[in-house]
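First chain A sits with chain B, and in the next complex the same chain sits with chain C.
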Partner chain A sequence: MSNTQKSWYEAGARERVAALVDRDSFVEFVGPERREISPHLAVFDLPVQFDDGIVVGAAAIDGTNVLVAAQEGRFMGGAFGEVHGAKLTGLLQAAKAMKRDVVIAFDTGGVRLQEANAGELAIAEIIRAIVQARMAGVRVVGLIGGRAGCYGGGGLIAGCCSTLIVSEQGRISVSGPEVIETNKGVEEFDSRDRAFVWRTMGGKQRMLIGGADAFVDDDVLAFRNAAIVALARPAVLDAKTLAAEQRRLQRRIARFGEAADATDIWATLGIDDPDSVPDMPADRFIALAAEHRESADDAR
Partner chain B sequence: MTPAEILNSLFPLGHDVTTHGNLSFGMGAMGTLSVHVIGAGGGGAIGVDEALQLAAHVLTLANSGDGRPILLLVDTSSQRMSRRDEMLGLNEYLAHLAKSLLLAEAHGHRTIGLLYGGSAAGAFIATALACGTLVALPGAHPEVMDLPSMARVTKLSIEVLKEKAKATPVFAPGLDNLAQTGAIAETWDPDAPLSDKLAALLARPRNGDDRATLGKVRGGRPKAAIIANEVVTLAQARG
Partner chain C sequence: MRQWDTRKRVRAERIAAGASFADGKLIDVDRLVDFFEAVLRPGDRVCLEGDNQKQADLLAGALADMDPTRIHDLHMVQSGVVLPEHLDLFDKGIAKRLDFSYSGPQSARIAQMLFGGKIELGAVHTYLELFARYFVDLTPQVALIAAVSADRHGNLYTGPNTEDTPTVVEATSFGSGLVVAQVGEIVDTLPRVDIPGDQIHFVVDAKKPFYVEPLFTRDPAAMTETQILTAMIAIKGLYAPYGVRRLNHGIGFNTAAIELLLPTYGEKLGLKGKICTHWALNPHPTLIPAIEAGWVEQIHCFGSEVGMEDYLAARSDIFFTGPDGSLRSNRAFSQTAGLYACDMFIGSTLQIDLSGHSSTVTADRVAGFGGAPNMGSDARGRRHPSAPWLQAGAEADPDAHAALRRGRKLVVQIGETFGEGNAPLFVEKLGALELAEKLNLPLAPIMVYADDTTHIVTEEGIANLLLCRDKNEREHAIRGIAGFTEVGRGRDKAMVERLRERKVIQRPEDLGIDPLDANRNILAARSIKDLMLASGGLYRPPNRFRNW
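Entry: the complex of A and B
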């Protein structure tokens, strides 16, 4: 990484927002000064955060007005609680009413277990709000490359976005590695085998199978530039889109359903040396992916 | 109640629902109004294959133009926890199912989830919680995560969790706790004909996602509705 880069992975939610949007364009809604904390964490004697681990507001990106949300993966693993989720639901409901595109920087382990029922329901409300906004013509661009990845219900929300931008660190899945290992055994999933986890659910695998649309280096400006491109792309969600997604996901099972390891999938895609993919620098990987990947264009 | 008993109580005029593994499909007769029925049952997990099969059926209905209600009978476990499903992108398959249900609703179909057994985590979000209205039968047992797993993650004993669950409905498994957060619109009495309940529900117009408001009224989610509404207002005023 050169000196001019700033790591997205290492940055906090507010640093990510600052790097994403045009200078001085961000206005926050229900910010930390309001101290709208979780009403549930006190039951567990846990510390609260004044923004409940998410920043939401309005801004401009390359001159285009957008609504922006960023999760703070360093607070409760970026997990969805009642207040955290409600801020994102409200932002998406506003997006539909205003016909304003949304950019969401995900960084989440999923539902916050200390308020599991509220968090689970918040995710259902967010999905409903995203789909309704998208059916009204709004783009919802997801950025994934943070410490917590995008797990649990966060993965489902990501699957409802119009475009997903990932870095190598952008792990997306429903069950986390530890959860699968705890429930199904270490033979099924060895959560401590980092290389295995990353090639199974990391950004490169997601990019190659069409689970993400753009791959970037772990650099805040690379995320911004990719968001600018995504915000200029058409992003329809209608019956045709979902019919295309049905075919796309069917084809994925037909092509890769018997694969034992992600490297088998990459070999099926025609990549000559699949074992070289994990260590490949971003620029070379992007070129390789462009040649071999399954795309989700107009089918997400 | 068993699925057969539920179907008989819902559709005394008859139904042609057939079961294939844990999934079932068909129609139930309700006088002039027939209802599409989809079942995700048997306490099974929802993996990539099940999600895609369910979504295919929902999309066919959504594109049929008949506008009939879609009743989703739910008794599942969680999303399938496996290396294969996650490697293939299970999040996209579950999201696709949720999107398909929401598309059907946008095309004029009422979507009603009837939770009669279990449902957990991602499977719950992609099925029951993606319906326009969710109702339940007593004995349904939804959960985000079981208490033993929750104990491991939160590093608290099950006894401590059970004690805390008495003070708040917000985290512990169970129908009553979920209902208090606003997830469940009504719990139906299994001893009365379910056909009457369904007919009454379909006769009532539905306007928007009222779950946050319900959660506030019932006390399980005191802040969600207020915060979401305030963000909407601020965004429209200042965005």
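Entry: the complex of A and C
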């Protein structure tokens, strides 16, 4: 990390929003002063947060008016609860009504266990709101590079976005490493082998298999610049897109379904020295990915 | 007439008994258990090599597979009780008595077994103390050790993780005991000879490296702002005014934060070259940025650290390396260096009481000591002067004749007022004391005694115990930096303010430190990957620490 860079991974939700949008353009909706706290956590004697772990509002990015959401991974692992989910659902419904593109900075372990029913319902509502917004021509751009990654229902929501931007640190999946190990055994998935976890779920792997659309260094400015590019892409969601996506996923499982490790997938993609991929700096990786990755562009 | 060579005769019998399971010195790995049952005798004093880092894991497993009706009542004398097999020996009745030093990962189970009477405890030692007893009254009859490789003569290469091996072999082999080594491979020519083959009686090829725990790797990503603040207070309030150049750091996040602040905060304070130049220290990855920035002149290591091997080999001006280029560590020498040649020990602990005793033992966990009590103690035999040592001595006893006054080693405990799981660092009664009562021990397992402790640092400030003149001042110096713990809230505010005027207590603001400056941006590295990059790719972090 050079001193001129500011780490996206290290930043909190509010720092990410501040770095992402044009200076002084952010107007928060349902801010902490409203104290819309979780109605469930007190039952478990757990601390609450006045924004319930998500910041939502309106802003401009490079002069374009957008709506923005950022999850706070340091509060309850950025997990979805009732209020947290409602704030994002509301933002997406507003996006459809206002015909404004949305940028979501994900940082979540999934649904909050202490308010699981409300959280699961919120996931469903958010997915519906994203699809409805996208059908109305709105872009929903997801940014993933935080500590908690993007897991559980967050992984499902990310899959519905029009563009996903990811850094090396960012992980995308539904079941987390510990969950897989608990259910399938340590021989199947050793959650303590972090290099293996990142090879399987991390930003580089997601980029190479078309699970993300853009790869950036762990730098807030790089995320902003990638968001600007994503917001200029065509916003199309129709039956043709979905059919192409389905074909792509079928092809992916046929090509890589038997691979035991991500390095096998990378070798299949024609990368000469797959073991060198994890240590590769961002600029070299981006060039390598451009040449070898499974493209998702026509399908999304 | 008395025979004067019974020990050597017994060893010859053991070698003869073992020979039928070996080809020369090389034991058949499939018959290792039979071999042990042949060479060992009930009641033997056995050193099974293992400390907080390296483990003779193959030998430990085979030892625990022996038939307890044949071999039983062993007296284990070993640095570390770390692997499950180390305690299985006692569960199965193969071993009975234990003298040890460190038991970090097995701290809960060893406590249960001590309560349940499964283990007859000799004593919990510091490393150096146990090594000393190997040469006096705990000389092993059999030592089971670990090396990287052996040649056909039994010469051993112990590599960067040499650690305890030379000491164990010296005591056992020259004390007429039997030495058995597990090695990762047999080679024609060793990179260097760490242990001469005539001290080694048998070798077994494990066909894989011995296990090493990366105990000294602290992930900068997990460092908190409170730890950073505490580190700033220590640097500006202790390292700078005493001019501490020769020192040892403990293993915790607080001292790792200090290491990461040297090239940034320390540089800003103009301290480069004035502090932290010479170390008795394991190769902490968090020290890489300071080394690269030219802060460090020399480091002697107790052991190595997983992933640091190439870096150490490439920095032989700083580290002790062999003719092959790789690190040579030696726990006994490094502990001696930490005791006699360092002016400061600083480490974290779990509990501190009102007089300043500290302990990592809680009522249901016996973690042992390792090396901290040795380095965290004043060396009464020290005779050479140094500025920090003399200054500390003068603070403790200003009225004594300067030329007749002992100096004092700076022994510093550092931590947040509430530690892991929000457990208070400060307590009225140590868990160690409860444990001693429960087990009827003559001594409570105290990590650092109050009369050795010179300073305590928390996020609320520094307590200088050298300046305390009586028991009451000491108690309030401690209460005065104990934050919102019960102990902290029991302070007499007026007394604490008086102590502050005398600089017995110094708050961050007294030192010109703004707590708001304590943020992660001032760390020289904020992730393991930053450390790897700072090393120019020479540091190869183990998989468990990677997030890429």
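Methods note: the second predicted complex is superposed on the first by the 300 of 300 C-alpha atoms of A that agree within 3 Å, B and C clash if a C-alpha of one lies under 4 Å from a C-alpha of the other, contacts with A are read in each partner's own complex, and residues count from 1 in each chain.
Rule of thumb we're sticking to: a residue touches a chain if its C-beta (ideal position, glycine included) is under 8 Å from a C-beta of that chain, and two chains touch if they have at least 3 such contacts.
Small disclaimer: the values here were computed from a predicted structure and weren't measured.
Colleague: Determine, for the superposed arrangement built on chain A, whether chain B and chain C clash or fit.
Modeller: In the superposition, chain B and chain C stay clear of each other.
Colleague: Taking the superposition as given, does A:Pro278 touch the first partner, chain B, the second, chain C, both, or neither?
Modeller: second
Colleague: A:Ala244 contacts which: chain B (first), chain C (second), both, neither?
Modeller: Neither chain B nor chain C is touched by A:Ala244.
Colleague: Once the shared chain is lined up, is A:Gln169 touching chain B (first), chain C (second), both, or neither of them?
Modeller: Second partner only, chain C.
Colleague: Taking the superposition as given, does A:Trp198 touch the first partner, chain B, the second, chain C, both, or neither?
Modeller: The answer is second: A:Trp198 touches chain C but not chain B.
Colleague: In this superposition, which partner touches a larger number of chain A residues, chain B or chain C?
Modeller: Comparing chain B with chain C, the partner touching more chain A residues is B.
Colleague: Check the residue A:Ala259 against both partner chains and state whether it touches chain B (first), chain C (second), both, or neither.
Modeller: first
Colleague: Using the touch definition from the top, say if A:Val229 reaches chain B (first), chain C (second), both or neither.
Modeller: In the superposition, A:Val229 contacts neither chain B nor chain C.
Colleague: Should A:Glu10 be classified as contacting the first partner (chain B), the second (chain C), both, or neither?
Modeller: second
Colleague: If you stack the two complexes on chain A, which partner ends up touching A:Ala60: first (chain B), second (chain C), both, or neither?
Modeller: Neither: A:Ala60 stays clear of chain B and chain C.
Colleague: Aligned on chain A, what is the least Cα gap between chain B and chain C? Give it in whole Å.
Modeller: 12
Colleague: Going by the contact rule set out above, which residues of chain B touch chain A in the complex?
Modeller: Listed in rising order, the residues of chain B that touch chain A are 48-49, 52, 55-56, 59, 62-63, 78-79, 81-96, 98-100, 102-103, 106-107, 121-122, 124-126, 129-130, 144-145, 149-150, 152-154, 156, 164, 167-172, 177-178, 180-183, 209, 211-212, 215, 220-232, 234-236, 238-239.
Colleague: Which of the residues in chain A come into contact with chain B in the complex?
Modeller: 27, 29-30, 36, 39-40, 43-44, 56, 58, 65, 67, 82-83, 85-87, 89-91, 93-95, 97-98, 100, 111, 113-125, 127-129, 131-132, 135, 152-153, 155-160, 172-175, 179-180, 182-184, 188-189, 200-201, 205-206, 209-211, 237-239, 242-243, 245-246, 249-250, 252-253, 256-257, 259, 261-262, 265, 300
Colleague: Provide the residue numbers of chain A that touch chain C in the complex, in ascending order.
Modeller: Those in contact with chain C are residues 1, 7, 9-10, 147, 168-169, 192-196, 198, 202, 204, 278-279.
Colleague: Applying the document's contact rule, which stretches of chain C touch chain A when the two form their complex?
Modeller: Residues 221, 520, 525-527, 530, 533, 537, 543-548.
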